[in-house]
Every structure is written in C-alpha cells, then in structure tokens.
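In this document, chain identifiers A, B, C and D correspond to the written order of the chains, with residue numbering beginning at 1 in each.
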C-alpha cells in the first residue's frame, strides 16, 4: 500500500537504468560491426533522410540520387584515394528523429551528413552537427533560416545547402507571372500547413506587388485536404488572371483538376513541390495545360551533363529523376568537391572548403556558395504541355 | 517502530536515487554515455513523464483521453515563449508550462468530462487537434514552421528531477484519500457519487494534474530537441503515449514506467523500420486488449518485496 | 447567387461522401455500440482493392466495386471475429483501444506491403462528364455519389426495418441476452452487421478513389474522422441520422471555406462535434438513454 | 420525536410513463420504515429521487428542514443520506478496506498538498481514516477480510460491505435497497439484528426496500406500499397485512 510508494520509485528508476544499459549494449554491438569497414580506408558519409512519414518520397529520391553519385565516384577511383561508404538512416519525417539519427551517425565517424530534406528536419539535426563540427549538406531545405542562426543572425558554420531558397522561388514566379504571362490580378491559394507554402506565398506577394500587380485574394488549405471546390468556387468569383498555388503535388494535383472542372481556365503556378509524375496522372494532361512551376532543374534539359545524369539514373532505378534526386546527387558532388579542395577527409577542413566553393557545376546548375552558405544559382520555369514537362525559361538571379 | 522503519526505507530510497543520479551524471561527464545514448535517455525520461501522467487520467480515473499530445504542445510552446522570446530562466519556463497546460486541462476538462467513455475519447481527440490547428495559425510562434534553434536547457539533472517529481506526485496522490476518490470514479462513478464523492471535481482534478505533467514533459522536450512545431504534437503522438499506458497496465504507475522504457528502446532499435514499429504497436494494442485487457501489470505495482524475493529472500 | 448555388452543389457532393462512410460507421455502432475506429481504414482497403481490380485485372468500375465490397465484407467479418468478439464483454474502453489497434494494423500493413506513396486511379475507370447548366458546373460523379448515398441509405433502412436479418439486428442492439433467448444467433447477426458495414465502407472507398483520383494507405484517417463526426451529429446508430449528418458536415465545411476562412474548417468541424456532444450527446436524431441505477 | 424527512407530491415520469406519481412520505428520527410493492412499482425510483440520481418533475423532498431537490448526489450524501444498491455496486477491484475508506473521503482530515508532500499531518490523517474504516468493518464482521478484493467476497458479505461502506459516510439517514436479497434465512436474520443494532448505536433513521415480507413485517415500524408509482397504503405492519388493496395488488399476485 502507500508505504511502498517510495521504494517503488527507487526500484523503477533502477529498472529504467538497467533497461537503458540493455538498449545501449544492443547499439554498441551494432556499432562495432559497422566500424569494421573503417580499416579499409573508407570515408563514411551519413545519409539522414525521410524514408517514411509525410515526405517519404522526397527522401527516397534524394537518397537514390546520392547513392548514384557515390557509386559513380567510387567507380572512378573515389576521393583522395579512398572509397565513399554511405550510411543510410531514416528520420521518419520528424525533427526529433532527425536529431537522434544525426547523433547516431556522429558515432559512425562520418565526414559529412547529407539530408534531411525538409527545413524542419534539418533544424532538428543542426545542433548535433554544430556541436560535433561536422558539415551538413541539405539537398532541398529551402526555408531562409536553415543556414542562419535565427537569434544571432550569424551563419551556421557547418550547415550548407545545394538548393535555392523560398524567397527566390516566390520571386521568380512573380516575375514570370507579371512579365511573361502579363498577369495583373492574382490569387494566392497556398498550403498554409507548411512553412514552405507560406514562405513561397509571402515572397510571391511581395514581388508581384512591386511589379504593379494586385493580389485579389489569399486563401489557404492544409496538408491532406482533398476537396478544394468550396474555396475554388470562391476564387472563381474573384476573377483572377493568375492563381499561385505553392504546395506539394499530393494536394496540388487534385486541386488543379477540380479547378478546371469548375471552369477555371486561367494559368496556375507553383513551386518545386509540384515536381512529381503524379501531377500528370492525377490531374490529367488537359487540366495541366497552362500551368507553370519553378524548379531546380528539368530532366528535359538538353545540357549534356543533365542528359548523362538522367540516363544513368534511369538505368539504375528505372524511373525518371525528379528534382530531389538531382539535388541529392549534387549534394554528394558538392561534398566531393569540398573534400578535394580540403585535401583531407576531415570534417572541419571540409566545412572550410565548402564555404569557399565557387562556380561548381552541378546537375541543378552552376552554383557558388555565398556568405550565408546558400548557393547562388539559376532557377527554371517549367510548363506542362499535354502532360509533358517542358522547360519554359531559365532565369538567373 | 513502524515510523522508524519507514524512515529507514525513506533514507534508502533517497540514497539509491542519489547514487543513480550521480552515476549517470558521471557517465555523461566522462563521455561514456555519448550523444546518441543521451538522446535516448532524454526520450525515456520524457516518455515516462507522459505515460505516468496519462495513466493518471486513463488508468486511475478511467477517463479515456486521446488528447494528451495537445497538453504537451501547450507546455512546450508556453515554456519556449518564456525562455526564448521573453528571456526568462528555464525554471520560469517550466512553471509557466505547467500552469498553462493545467489551465488548458481545466478549460477543456470542465465541459468535456461530463461525457462518458468513447464520446469523451472522441471529444479529447478533437480538442487535441484543435490545439494543434490553433498553434498552426498563430504567427507569433511561427505557425506551421514552428520554433527553431531553441537553446538546449534540458540537462540530466532537470530530466531526472522532472521524472522523479512526476512519479512522486502521481504515486503520492494515488496513495492518499484523494487518490482513492479518483480511483473510485473509475470503479463505479454512480456509487462513488452516492458515497459523497464529487466525481466531477476529482475527474477534473486528475485531468488537470495529468495535463500539467504533460506540459512539463512538453517543456523538457522543447528544450532538449531544439525545435518544436505543431505537427509534432498531432494525435499520433497521443496514441504513442496511449500505447505505453495500455501496454504497461491501466492503473499501474510502475507498468507505465516499464512500458515507456520498453517502447522507447523498441523505437530506437526499430529506427530503420518504422512500418514494422507501427505494426508491432497495433499488434501490442490488440493482443494486450484481448488477452490482458488490464495491461501487463494490471493495476498491480511492482514493489520492493517482489525484488527482495528475486534477490534471495531479503525482506 | 450563382456562386451560392455552386457552393450548395459542392457541399452536397462532399456531404454525400461523408454520408457514405458514416452509414457503415453508424450501423456498426447501432448494433454493438462500438466505435469502429478502423472503419476509415476498411474504406482505404476497399479503395485499394478497387484500384488493383481496375489496373491489374482491367475490370470495369462496377466489377471493381463489387470486388472491393466482397473483400471488405470478408475482412470485416474477420476483424470482428479476431479482434472484437473476444472483447464483447469487456469495457468499452478496451474495445475502443482495440479498434485503434486494428486501424493502425490496417494502415501500416498496407504501407509495409505497398509503400507509403499514393496510387493514381485510372481516368478511364469513370469518364468524367461536366454539365454546364446556366454557369453551374455539375459533374456526373457528383450526381453519382449523391444518388449512391441516398440509394444505399434506403436499402439499408429497408434491410433493418423489414427483413428478418434487420429485425435480428435491432433485437441484438436492444438486448443481446434477450435476443439469444428469442433464438437469434447474436454472433451471426453481428457478423452480418460487420459484413454490411464493411461493404459499405468499401463502396465508399472506391467512390472516394474515383472522386479524388488517388488512394493511399493513410487516406482513411481524415474522412473516417469526419464521417464519424457526421454520424455523431445525426445521432450515432441511426441510419437517416448518418445521412443527414453527412450532408450537414459537407455543407458546413463548404460554407466555412467558401464564405469564411478555409483554415478554420477543421476546427469548426471538430468544434461543432464538441458542441453537439455537450448540448445533445445523442445527436440530432438520438434518443436519451440514461444509465440504470 | 422530530421529522427528519418529508416528501410532498413527488412526480417523476420517463418518456410519458409515470414512474412515481404524487408520492407523499415522512420519516421520523430514528424510525425504521419499509417500502414495499410489486416489481416495477417504482420503489428504486423513489430512492433515486431522494439521493439525487434522478431529478423529480415536481414535488419537494425536505431533509432536516431543507429542500434537497436539485442537489447533486454527493451533496445530498454530504448532508447525511447514504444508500446501498439493489444490484450491488462495490468498487470491485479495490480491497474491502479501501471500499470503506473511500466512503469516509468527504471528511478527509488532511489537505491535497499535504497528501502530495507527505507531511506528518497526512500520516496522522491516514491513521484516523484507517481506524475509522476498521471500526465499521468490525461491526459488519468483515475486519478479517480487509485486504481481499471486494469482488472476491461471497454475496452475503458483499451486501454487508455495502452497508458498512454506506455507514462510513456517517449518515443520519440510511437507505437500504433490498439488503437481504440473495441471502439465506440464517444470514437474513443476522443482518436484521445488525441493522437494528446500528440503528440503535448510531441513532439512524432507516428506509428500506425489501421483498422478504417476513423480514419487513418483523423489523419495520411503519410500511408504505407502492403500486404503479402511487402509494396505496401506509401504516403499521399489522394494518398493512390486513389491507385489502395491498393483498390485491401485491400479496394476491404472489399467491397465484
């Protein structure tokens, strides 16, 4: 009865401790197994990506791209005379898991970590990388504050990325809508449950206004919505000549389909979240005509490097590489460039070298790392034409 | 005589706890326990707080709540607002987190606890989701993006203190007349009411204390994992906690603790197989409910006597 | 005005989908007082069966729907036998937790087998035609779901009111022990209930797939929750209540999105649920049943 | 003797069906009254109305000079009315001792914080509660079973435990709903002795429902007879025994 309460606590905490140790032993055994590889002059590369959870498809594709790059590099003799050894782990699309995985990867003596994909998950991983002074290269984290410490405004020394940032995409589409499509009245219908959708919308609004356009309405939807007709009907009543829909393809595809069904024929634009074959299969060829999105690269690009990459990727995985695959590929290539510049497989030296990279030729464009560790690179506008992605314009910042 | 032996036991407990605390602290300072294990240790402590506090509501009071993650969110956000935006020390953040979550529990508990059984479950589920959606729409806390770069303040002493505090509060409460009143609500609400127990009051009391401790866990979480966003606290998180409580045994604090440790370890082991983890969760829920609806421990507690016997008849 | 009528059309077709799911929900609840949390996931399984029937076996939509309904009817009976029957005499909470477990199980076994990504329903399954009447856009699939919901409700109502099985169901719902004494096989009746309820869910799943073009392993969660709200709104256990509840929910959500702020749509839906529970816990059409002391 | 409870014109109907109609009743201090009537006559409904489980449609229930209609059941209990249940409602998974301790909670001698912090006051208070509970268990000869789970007791002892639990709320009026149901004659006899004893020792007023006529006639000072929700007779046992209406409504039916 009550007398026992305190001792119960004591016993419990002992048990807790024992269990923790048991769990610990299990992990330890695993570690030694992996470390056996170290002896053969390997450079361990952590790949901490979303293989399950909300954005599993992004993580999977980025991982495939990264593994392709590693395979190619190893085949051509490796870096600094050593082979790259990928250590792949799943962060389940959550920030705390990303953090835990990073800590586990640190234990595997990695020289750098690729991933995670979303800005939130990168933020979870960031402190561990900073504490341990190991560079993190984010393939697709586009939030503006990923590489910068929010409080001090200082650049995070060990955090890098190969993608352009949200403000850039929003600005790009606003320019395109105003200049190329001659839009005057735009409606924004954004995924407001993600920072991505909100960020793009914010910068679109800003630039579109500066270009003399008017935002006649701002609406939002949330992740996993499937029925958009109520809001679309409302938007139809606003008579816009352009609709900006920054969001991910799972929602955007049915959204566009429903918009066309309701008789909305004006051009619709979005961001790199649209890049998926599901866009065409869900919305249909016809509905997608007259829609545009900003992207990192186009697999239709005739640039010889891109063509080579697309062929290799198709041969290995039997699927079209999307932007995430290309970014994953570029993240590894950027790291390799850094290792070559640093002339050592040392994380701290690698970070210093990465910060200085100029005019690196990636699949997703020529990039230079700026003082905020963002790549300065071009973006493309892709148009859907009868179900095919066609590159419309390449815009240099 | 009795008082004396009670005092001796108390001293032993304090000694054991202190020894445990110092031992782990020693491992951390010497680096024997690296970052990865520290993270799992933190998860364990936070999950213990969550499971023990939810067990107070679901196990001891018998009111099925599916919105525990909502209170955790309230605590996490309240503490972060205090420490990061208003520059208060961590302890202030913790206190505010507890108070805010308790207040949330009160506001939600008073109207909804009139509902019974599965209606209450659905209502709490809905309210937990409303908390999440509301946080998503508050720009002050960055909406869906959440708050990044929270200063790490949750260290082992804090984790240890919060866990011991939680277990002490719940165990002491349950083994008092107030606790018996709470349990009687679970056993038979009508009879309890007719024996002069203000069942509404005790249901709300348990709910508020449970919410408060969940808020504490939220604050611990926020200041350990650097980042919070509304999505972290969706109803899947509530179900995670529920699984621990059900597995350990509805109405067994020791059960909740063991289950929290087990599930955390299981999650770590199955890091690379999330689908399997969830299938296991599902099977655990179904099988435990069919064969042992009262959970592994039932409403029994693991006591020192049992350990004494295992260790060779030492009483 | 035109916009308002269009919103009504939108609301009705969305409501019809909720109503379809809610029908099965409410029926199972009515008979054994169990919130079958897994109902939305049975709907998901139905959607996938329909999808594979259409794409792998190249059947037409009618065959796909029948296949889905049959599969899920069997699945429903199985779930009831394995997971719910042993718990018939335990607490409601134990049953609810088991239902949550079954829901997880269906979701993650599907993810394990098929991966987490969505699958796209072929266009050819149900060619969309749009009718443009005086500026109003009405699609053939809108008409289809609304008519299906009403017809299924009528059939269900007929089964429960006029057939022998229906009478057995009502008897079991009122008093299981008495039903046994009257020579009714409770097990069989409950199995039939689950079969019908799950078949309805499957039908809803295929229609959902047709309507929104995709299926994915987690697609049952949100519509399931909403349909449950609809069922409670109308008075859970009451067939016409589910129907009305579904339409009310659909219209409510549409109007909140159309004339208010779409971000508060879910909050409003859940808020309405809580209000209803607090004011009239038995829903719009529900009767009061107090506890006997 | 003074009046402890007076009920006037009490009405209660469920969905148009009258369960209790124009019920009038009074109870003197230290009196023992029986309420009888055929099944479904509304006896338990009367108990539920008095203890606040149901709210009457009409009428007043005056207890110790105050109208208690509309009060919550726990408040009514706090005013001094305790009851048992027709279909035993113990706290099944708790020990016999805890069952009784719970009933004394309304007089808990220490505060909430004291419980959490385990102050000396808490231990002293728990001692008082435990001694008090043991006292009632002893009266009902359950003290040697204090650590058993309530659900494991035999039927007769469960009934006794229910009364002990009701007594632990320290009532001035005790309401017993078929206390001897399911007991053998020997047990019934002992129970009656116990009831008489606690009435004397604790100066209780008791109202009981019972089917066992010999029991009712043997111990009750006055008897109310209820049929179809209405009182059809009231008086001393010998008066009731010879009342034609009662025989027709109740006893007559049993003879058939």
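What we mean here is this: a contact is a pair of C-beta atoms (placed from the backbone, for glycine too) under 8 Å apart; a residue touches a chain by one contact, two chains touch by 3 or more.
Note that this is a predicted model, so its numbers are computed, not measured.
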Original post:
What is the set of chains touching both chain C and chain D?
Top reply: B
Original post:
If you average the Cα atoms per chain, which one ends up farthest from chain C?
Top reply: D
Subject >> Chain pair showing more contacts of the two, B-C and A-B >> reply: A-B
**OP:** Grab the C-alpha centre of each chain and report whichever is closest to the global C-alpha centre.
**Re:** B
Subject >> Separation of mean Cα positions, chain C and chain B [Å, integer] >> reply: 34
Original post:
In angstrom, rounded to a whole number, how far apart do the mean CA points of chain A and chain B lie?
Top reply: 34
Subject >> Euclidean distance of C-alpha centroids - chain B vs chain D, Å >> reply: 40
**OP:** Please report how many Å separate the Cα centroid of chain A from that of chain D, as a whole number.
**Re:** 70
Subject >> Multi-chain contact residues (two or more partners), chain C >> reply: 111, 263, 266, 293
Original post:
Got the chain D residues that touch at least 2 other chains?
Top reply: 53, 85, 126
**OP:** Give the residues of chain B that touch two or more other chains, as numbers and ranges in rising order.
**Re:** 133, 136-137, 168, 172, 176, 190, 275
Original post:
What residues of chain C sit close enough to touch chain B in their complex?
Top reply: 35, 83, 86-87, 90-98, 100-105, 107-109, 111-112, 225, 228-229, 232, 263-264, 266-267, 270-271, 273-274, 277-278, 281, 291, 293
Original post:
What residues of chain B sit close enough to touch chain D in their complex?
Top reply: 168-169, 172-173, 176-181, 183-184, 187-188, 190-199, 299
Subject >> Touch list for chain D against partner chain B, complex >> reply: 51, 53, 72-74, 77-78, 82-83, 85, 89-94, 98, 101-106, 108, 110, 112, 115-118, 122, 125-126, 129, 165-166, 169
Original post:
In the complex of these two chains, what residues of chain B are touching chain C?
Top reply: 58, 62, 64, 111-112, 114-115, 117-119, 121-123, 125-127, 129-130, 133-134, 136-137, 190, 239, 242, 246, 250, 275-276, 278-279, 281-286, 289-290, 293
Subject >> Partner chain A, residues of chain B touching it in the complex >> reply: 6, 9-10, 12-13, 16-17, 20, 23-24, 33-41, 43-44, 48, 84, 133, 136-137, 142-146, 148-149, 152, 163-164, 167-168, 171-172, 175-176, 221, 225-227, 229, 231-232, 253-254, 257-258, 261-262, 264-265, 268-269, 271-272, 274-275, 301-305, 307
